[in-house]
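Each of the next two complexes has chain A plus one other chain: chain B in the first, chain C in the second.
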Partner chain A sequence: MIQFILLFSRQGKLRLQKWYTSQTDKSKKKITREIIAAVLSRKPKMSSFLEWKDLKVVYKRYASLYFCCAIEQDDNELLTLETIHRYVELLDKYFGSVCELDIIFNFEKAYFIFDEFILGGEVQETSKKSVLKAVNDQDVIQEEELEEKRSVLEDLGLA
Partner chain B sequence: MAMSTTMDQVVKRAKDSFGQMFDKSLHDLVRGIRNHKDNEAKYINEAIDEIKQELKQDNISMKANAVNKLTYLQMLGYDISWSAFNIIEVMSSNKFTFKRIGYLAASQCFHEGTDVLMLTTNMIRKDLSSSSMYESAVAMSGLSCFINADLARDLANDIMTLMTSTKPYIRKRAVLLLYKVFLNNPDALKPAFPRLKEKLEDPDPGVQAAAVNVICELARRNPKNYLALAPIFFRLMTTSTNNWVLIKIIKLFGALTPLEPRLGKKLIEPLTNLIHSTSAMSLLYECINTVVAVLVSISSGLPNHNASIQLCVQKLRILIEDSDQNLKYLGLLAMSKILQTHPKSVQAHNDLIMQCLDDKDESIRLRALDLLSGMVSKKNLMDIVRKLMIHMDKSEGSHYRDELLSKIIEICSQSDYQHITNFEWYISILVELTRLEGTKHGNLIARQMLDVAVRVESIRPFACNQMAILLANAHVFIIGSSSTTVAEVLYAAAWICGEFCSYLKEPQKTLESILNTKIILFPGHIQSVYYQNILKIITYLIQSSDNDEILAKQLVAMTIDKMSIFLSSGDVEAQERASITLHILKTVLKLIEKSEFNVNELSALFDGVLNPVAAKAQRKVAIPNGLDLDAWINDPPSESEDESVTTDSRHDNSGFFYGKHEENYSSNSYSNETSNYQQPRNYVEPTTDELEKQRESRKQSENMNPFYLKDSKKTKLTQKHETSIDHSNGNESMPSTPGKGAIPANLQISLSDQLYRQSKIDEENRRLKKKSKSDGGSSKKGKKSSKKSDIAAIDENEDDIYPTVQVTRGGELPEGVTESGHEDNDDDIGSRKNKKYDPHRALNIDFNEKPIQATYTPPPSQLKEPSKKLVETPPVS
Partner chain C sequence: MKFPDLSMSNPIRLRDLIRQIRSAKTAAEERAVVQKECAYIRDSFRDEDNTWRCRNVAKLLYVSLLGYPAHFGQLECLKLIASTRFTDKRIGYLGAMLLLDERQDIHVLITNSLKNDLNHSNQYIAGLALCALGSICSPEMSRDLGGEVEKLMKSSNPYLKKKAVLCAVRIIRKVPEQFDVFQNSIRSLLSEKNHGVLLTATALIIEMCKQNSQALQIFRKLVPNLVRILKNLIMSGYSPEHDVSGISDPFLQVHLLRLMRILGRNDIEASETMNDILAQVSTNTENSKNVGNAILYETVLTIMDIKSESGLRVLAVNILGRFLLNNDKNIRYVALNTLLRVVHADHNAVQRHRATIVECLKDADVSIKRRAMELCFALINSNNIRTMITEMLTFLGTCEPEFKADCTSNMFLAMERFSPSKRWHVDQMIKVLTTAGNSVRDDIVSSLIGIISSAPDLHGYTAYQLFKIIRNDITQQPLVQVALWTLGEFGDLFVSEQYQHTDDQENIQVSEEEIVNILEKILNWSISTVITREYAINALMKLSTRFPSCSDQIQSVMTVYACNMNLELQTRAVEYTALFTKHNPIRSSIVQRMPVLVSTQTSNTNNEETTYEQEDSSSTNGISSVTQNEPVEDLFKILDEPSHTNGSNNLNSHNNIFDLLNSDDQQINTSSTPLEDILFDDNLPKSQSNNNFTSSIPSMNVIDKNGLCVTFQFEKQDQLLLIHLQATNSTQTPIKNFTFKAAVPKTFTLELLPPTSTTIPSNNTGDIRQIIKISNPNKEKLRMRIKINYSYNDSQMNDEAELNSFPQQCYN
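So, the complex of A and B:
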């Protein structure tokens, strides 16, 4: 099971964090700090895996962002790399050639994509199309609710 | 729409909308933070104040916006736990937009200890059963992050109901969420299991996959419960083409086969087929791992057993040869699993593993090193060590070099030096290892030297003279940096030269070089050994001088002269020993002058042979009649008093006896090394009485302490720890003389190489001799079917071409006790490791307390064909 996922920049700034085990803020901060330091100190030609405490950390760098997953001893590292890659593809499809700024300014959307893709640390939907459809459907609901509000304003002659 | 509502409502809604227009949006906040890089903290603190104002408004849209901003700030490391109640407010909104924001905030900042969670039960229950599937899904995603024992208990039934939803989208989530329920409320597992099992045959492949995921996780805790599901999984495995699901199923089988060897036999064929056919590396890797696990669990009775291992090893070779570092790393990892049961198959790839030592990636090099130690034999040990030595010279990074050093010692010393055929060579390797600058393994090298000298009698002449060279060059070990412990080897050198001084070529020269060393610059325990052994060498010199009184007088006078400086040693024990030695010598001098000296009186001090003591000797000492270890020696002290006393004495100990580099040393000591040679117990360590006393007092305090968790191994470990530290106390007296640790050329730098070449030549000669003998004897046998088997045959018979060196294995035990027995203690370390807290342990529930009969019935006949490919095979990067 995936224990947590971290996205951070080359400068070590955290961009997204998703925890699938219950942790207090304090331990989250501590773990995040240690993992970021461990991953950033790796040289480019090194493998994507490192052992951290009793977990395995699988990471991959895409442009300026590191995507980093902590998994248990029995889990499959290569499958985890696939999972990371799949998430990047989803971001790319959703935002249209995604960049770090998209994730910074729309961080909640990035989380919503996570929630459609993974639940409780397990991949729940392997089809990119289904994930994106679910995210878009929910965006549409939000749009409609916003429309509703706008129509109120229009009625009052304010918009 | 506005027409149908009252004016009040319209105004209120307008106000809501206005509000949001004038707030600082999330975008503004993010932009603001980016524009205030210099005073980010100040800017954010102002923003938090604004957010607090916004949260006070009676406007849900404003609140949601504020909570959304807080979620962002939480990621930046700011504490937002104070807003927990506001988050719940936003979660409870009936607008999907706000609900989504609220649940996201909750999933990011709530944890099982958050106290407001108890207010959420009913709200979450309502959301779970919402008619909108997305609302229900949002609630499930959130819940999966912050569920605790109470929520798991109260909502278990609601989640079970969702598993029967008409929408696969909901069923799938409910199944996955169920696992979180089990983790937090293990009691739910047994009643929920039948329904979970049904989901394995859900018409929707996504729901099926979710059920496979959950059962795969569960089966890691108690595989026995899920054995009955094997037929269903077997069918899924042979029909599914979704690699995500296949990997999980294959992993599950890996957990099941140890319980049911027949299952393993059935699995081998489909798994090897997959290994042949798949192009997805993740699947290939999983298959190999499971095949290895299967072959480990079924040791015999499989005809194509060897073929499967060969297939795995071949595939792994391809992975290791790949330019992708990830595949290389995993290939080595899997190889080490095979090594444990099929060392021969892996040994064939010796060359490949050696190549990996040159890899750029340290983690890959370390993996390769691990493998190497399992691959050594008499035949290749010298080659491997030689390569490692060359490698050590080239390599950078003291961590990796230290790792190489300890690995060299580990592979040479394993199973009582089983693979060493030439101990001269080994001693010269150890001497060369002392040239490694900044190593923290000085202690390890020293112990190894002692151990070899004690156990291998025939090596003593050679070892003695090598050690004499080290002593003559002791000054190079007096270096400033305290990070190196290489001076420790002098401890061994001094003791070996003293104890076996009859083998010294020039004992008098050695004595002089010892006396000319600035001994007091060494750590105390090394000084002590020096002083003790000075006396041994003098005794020997006098003894072998045929009562030449003039020489004896000269020697003793010279030593007395030189030794008086050592009285100023800062170490208590060393100073005491120096003083005793000095006074013995003065007495000797007096007696010589009176012509009353008898050398035998002096040599009586060092009579007798020191043999290695078996590791278990202490444990095997029979308790004398009448000694009751559980009885109180004194009346037990009162509880509070006792506590303060023990803690005090503990602090005292650590301040007084433990050197500054305590961690350093203890990590080098044998007790923490994995190597299996035994600890030579022939130098400074607490006496049996002391140990007994310590143990007794510890036992007392443990018995008195109500919070002490009784563990039989614990005392042993501490005991060992203390002994190992005792050898190395007082390193703070290490000198600060500047200078680099370069060793002069006369230290025979290439000695090991010379010996290596010589022994290779000898080996070749012996082989030729043997061949000519056997050729003459049995020429008929010469027609072997293939070259390979020819080589193999030679390999097998090769052991006898190596010289056998007598090694004293094991050690002395108390009378009438044998090595075996009481092995249980040895296993404790392993189980202690596993005893570490495992959050999933609670799921180790035995279903068979009330067997689930249903699982044994054949699957329903109306079962649908598992659906076709759900998703394209993931590309492998």
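So, the complex of A and C:
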């Protein structure tokens, strides 16, 4: 099971975080700081795996973003690399050539995509198509609602 | 008439806020922007404004990502969830997952909304509810909503099914009793076609089996189904939807393999059913990309863990060997990790890859180096000890400081076990100490001293070698300590040339003054640690009798140190000064050469404790903090393996020695010194009579301290070794409540017969006798740890010893 996942920039700014264990805010901040420091200090020649407390941290850098996943001892590290890659592919497909700015300005969409791919720390869907369809369908519902609201406000002369 | 409040315009949009924050030039500026916006948001929450709640909560989530407090938004998330609009719910649930967790009381409040949404006709709304439940549910929520989740698991909609199954995973993690609720639905899940459902169902079964051994029995029946699913995956043609670089749904494959591992463990029937498919996956999976290797890795883990046939295991080790040659460092890391886990069970197979493993010592990655090092130590045997130690010495010279302590300890153990000759052993250890500098653990010093002491023919040689080194360099404390002890004991041997030179030695004439001067220099040097100086002062004292010409010089040193600030040094110096003056007649007998030390029989039991009991983690930096067994601990487990690798190795014998010590099962072994080994002939006839204690195996003095003398005499009876223990007391006071305890490695069996009494009369007028029976089916080298307790003059005394050098005849 994935215990938590962190996305951060090369300057150490957090862009996305998802926790599947219950932690206080203070402890989340502390853990985040430690992991970011540990990952940023790794040299390029090193492997993508870190030992941290009793967890394994798998990280991979895509352009200016580090994707960091903390898994348990009996999880498969190489597969976790594939999981991270799959998430990046999903983001890429959704945003069209995704870059860090997309994730900054549309962080809630990044979360929505993530929640269609992984649930409770486990992968729920292995078909890229299905994940993106679910996200897109929900986006459509949102847009329809927005249209509705706008037209109501226009009717009232308040738009 | 109320004019519209023009200042109260629409709240700024999310992207505008983000832009504003990002354009702040300093941290203070950013804080100002955020605080202003948060204040506005707090106000608008208070005004119960529905229209913009969604936007405001989204903004709040953004600032919380930056690290600012956002707890005042928790209640708002609840209101959003309760709204009928999908947009609101979407943000509301996201907010709940980010801002609430089960520690907060508030989060129970969403239970009702969840219940409603779980039953919503819109699958996406139900999906949102399931997602939130699966991420943050508490035990109470699990109990309340478990039934709803189970209902959804039976839904015909795979979208909801898979989410419900993962919810169930979390629920049974939180509330294991809920297992009964879900277990009936499993079988039907596995017959679905939808990959998402199959994947999540596998995850659920894995979780159930982890919790509950009863589940293992039930689900083992599903192994043929799993095999079939996996087979279909790899045999079926290209399916674009689930394909990753030509491999069909690697996530599902890995999960199935993992489940098979759990089900096949310790079960021969299940393991047999899996053999074919495992072989097929191993040979057919494309290994050029990471995804294929991920599957191969999982397959190897499964093969090694279940009761697979040996051909399959060899195949697995070979896959790992290939991994080691892969350019991708991740794959090398994973291979080394796995090899470390299997090296004991499949020793010979792993040996074949030794050369590659040694190469990995030079890797740039610290974790890879550490694993390679541990693996190297696990692979050392009597055949490769020389080359391996040379390799490890090279490694020691270039490795990071955090490795040095472990490396030296392990090298020491390996050499103790396998070294071809004493001289080589001593040479290598000196090299180790020279290379490792000050990172050597304390117990190594005393162990090395023990080794040097036990090789009498090498005393002069060793003293000479050590002298040559410290003549040039006295910075390395452990080395200097060993040198000081050796020179103190045996310095006179090489000065007067009472030892054998080998041909490649330059015969430097060393004078007595030179030695004493070096010792004095070390003693006076401020960089020397207190321990080193204590050694130095002792050594000087010993030399005062061995080098009579320097006696005056030494005496003046002692007088100087009698005023030293350090209490220990001062005490010693004062005592030694007394030895020069008042007690001069007994000086030579006090500092006489020590008898050969029997293994590490020291009175400093604490030191031994740290060597043999749980090693605390070496203090490595945070990044490379190792969670695996310390290499020293692992090596102890290996120490108890029989030298012919048969499968029934008990890896915990060393730790169990102490368990046995605490129980009443006590047995005592005796050991003879190596000298006696050399002196006695192997061909002496063994006597069988019970009363005849003059057997061919030499007897041994185990304890001779404070008037208590314990000896062991051996007798071989068929396959058993009988030890006759005799304890005498030469003091004026009887010894009472005398108890012996002993422990041996697990491959031996001990039987301790009751002693004749627990009191030893004084003045050697009587004794205690006890018989110990030892059986040694594997014909291993005997080792034993003993402990004695007794009361003497109303005080409790105890003593411990580790006995390592038993006469060969005991176990041949």
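Here, the second predicted complex is superposed on the first by the 155 of 159 C-alpha atoms of A that agree within 3 Å, B and C clash if a C-alpha of one lies under 4 Å from a C-alpha of the other, contacts with A are read in each partner's own complex, and residues count from 1 in each chain.
As a convention for this text, a contact is a pair of C-beta atoms (placed from the backbone, for glycine too) under 8 Å apart; a residue touches a chain by one contact, two chains touch by 3 or more.
Remember, predicted model here, so these are calculated numbers, not experimental data.
S.K.: Looking at the overlay, what does A:E34 touch: chain B (first), chain C (second), both, or neither?
M.R.: A:E34: touches chain C, not chain B.
S.K.: Where does A:K53 make contact in the superposed view: on chain B (first), on chain C (second), on both, or on neither?
M.R.: Touch partner of A:K53: chain C, not chain B.
S.K.: A:S151 in the overlay: touching chain B, chain C, both, or neither? Say first, second, both or neither.
M.R.: First partner only.
S.K.: For chain A, which residues lie in the overlap of the chain B contacts and the chain C contacts?
M.R.: Chain A residues touching both partners: 14-17, 19-20, 22-25, 29, 43, 45-50, 54, 74, 76-79, 81-82, 86, 104-105, 107-108, 111-112, 115, 119-120, 122-127, 130, 134, 137-138, 141-142, 145-146.
S.K.: Quick one: which bits of chain A touch chain C in the complex? Just the residue numbers, please.
M.R.: 14-20, 22-25, 29, 34, 38, 41-43, 45-54, 73-74, 76-79, 81-83, 86, 104-105, 107-108, 111-112, 115, 119-120, 122-130, 134, 137-138, 141-142, 145-146
S.K.: Which chain A residues qualify as touching chain B in the complex?
M.R.: Listed in rising order, the residues are 1, 14-17, 19-25, 29, 43, 45-50, 54, 74, 76-79, 81-82, 85-86, 104-105, 107-108, 111-112, 115, 119-120, 122-127, 130, 134, 137-138, 141-142, 145-146, 148-153, 155-156, 158.
S.K.: Could you please specify the touching residues of chain C with respect to chain A in the complex?
M.R.: Where chain C meets chain A, its residues are 15, 18, 22, 58, 61-62, 65-67, 69, 85-87, 90-91, 94, 97-98, 101-103, 122, 124, 127, 130-131, 134-136, 159, 162-163, 166-167, 169-170, 195-196, 199-200, 203, 241-242, 244, 249-252, 254, 258, 290-291, 293-294, 297-298, 301, 329-334, 364-368, 622-627.
S.K.: So in the complex, the part of chain B that touches chain A is made up of which residues?
M.R.: Contact set of chain B toward chain A: 1-2, 10, 13-14, 16-17, 26-27, 30, 61, 68, 71-72, 74-77, 79, 81, 95-97, 100-101, 104, 108-109, 111-113, 132, 134, 137-138, 140-141, 144-148, 169, 172-173, 176-177, 179-180, 206, 209-210, 213-214, 217, 220, 242, 244, 247, 251, 281-282, 285-286, 325-326, 328-330, 360-364, 836, 839, 870-871, 874-877.
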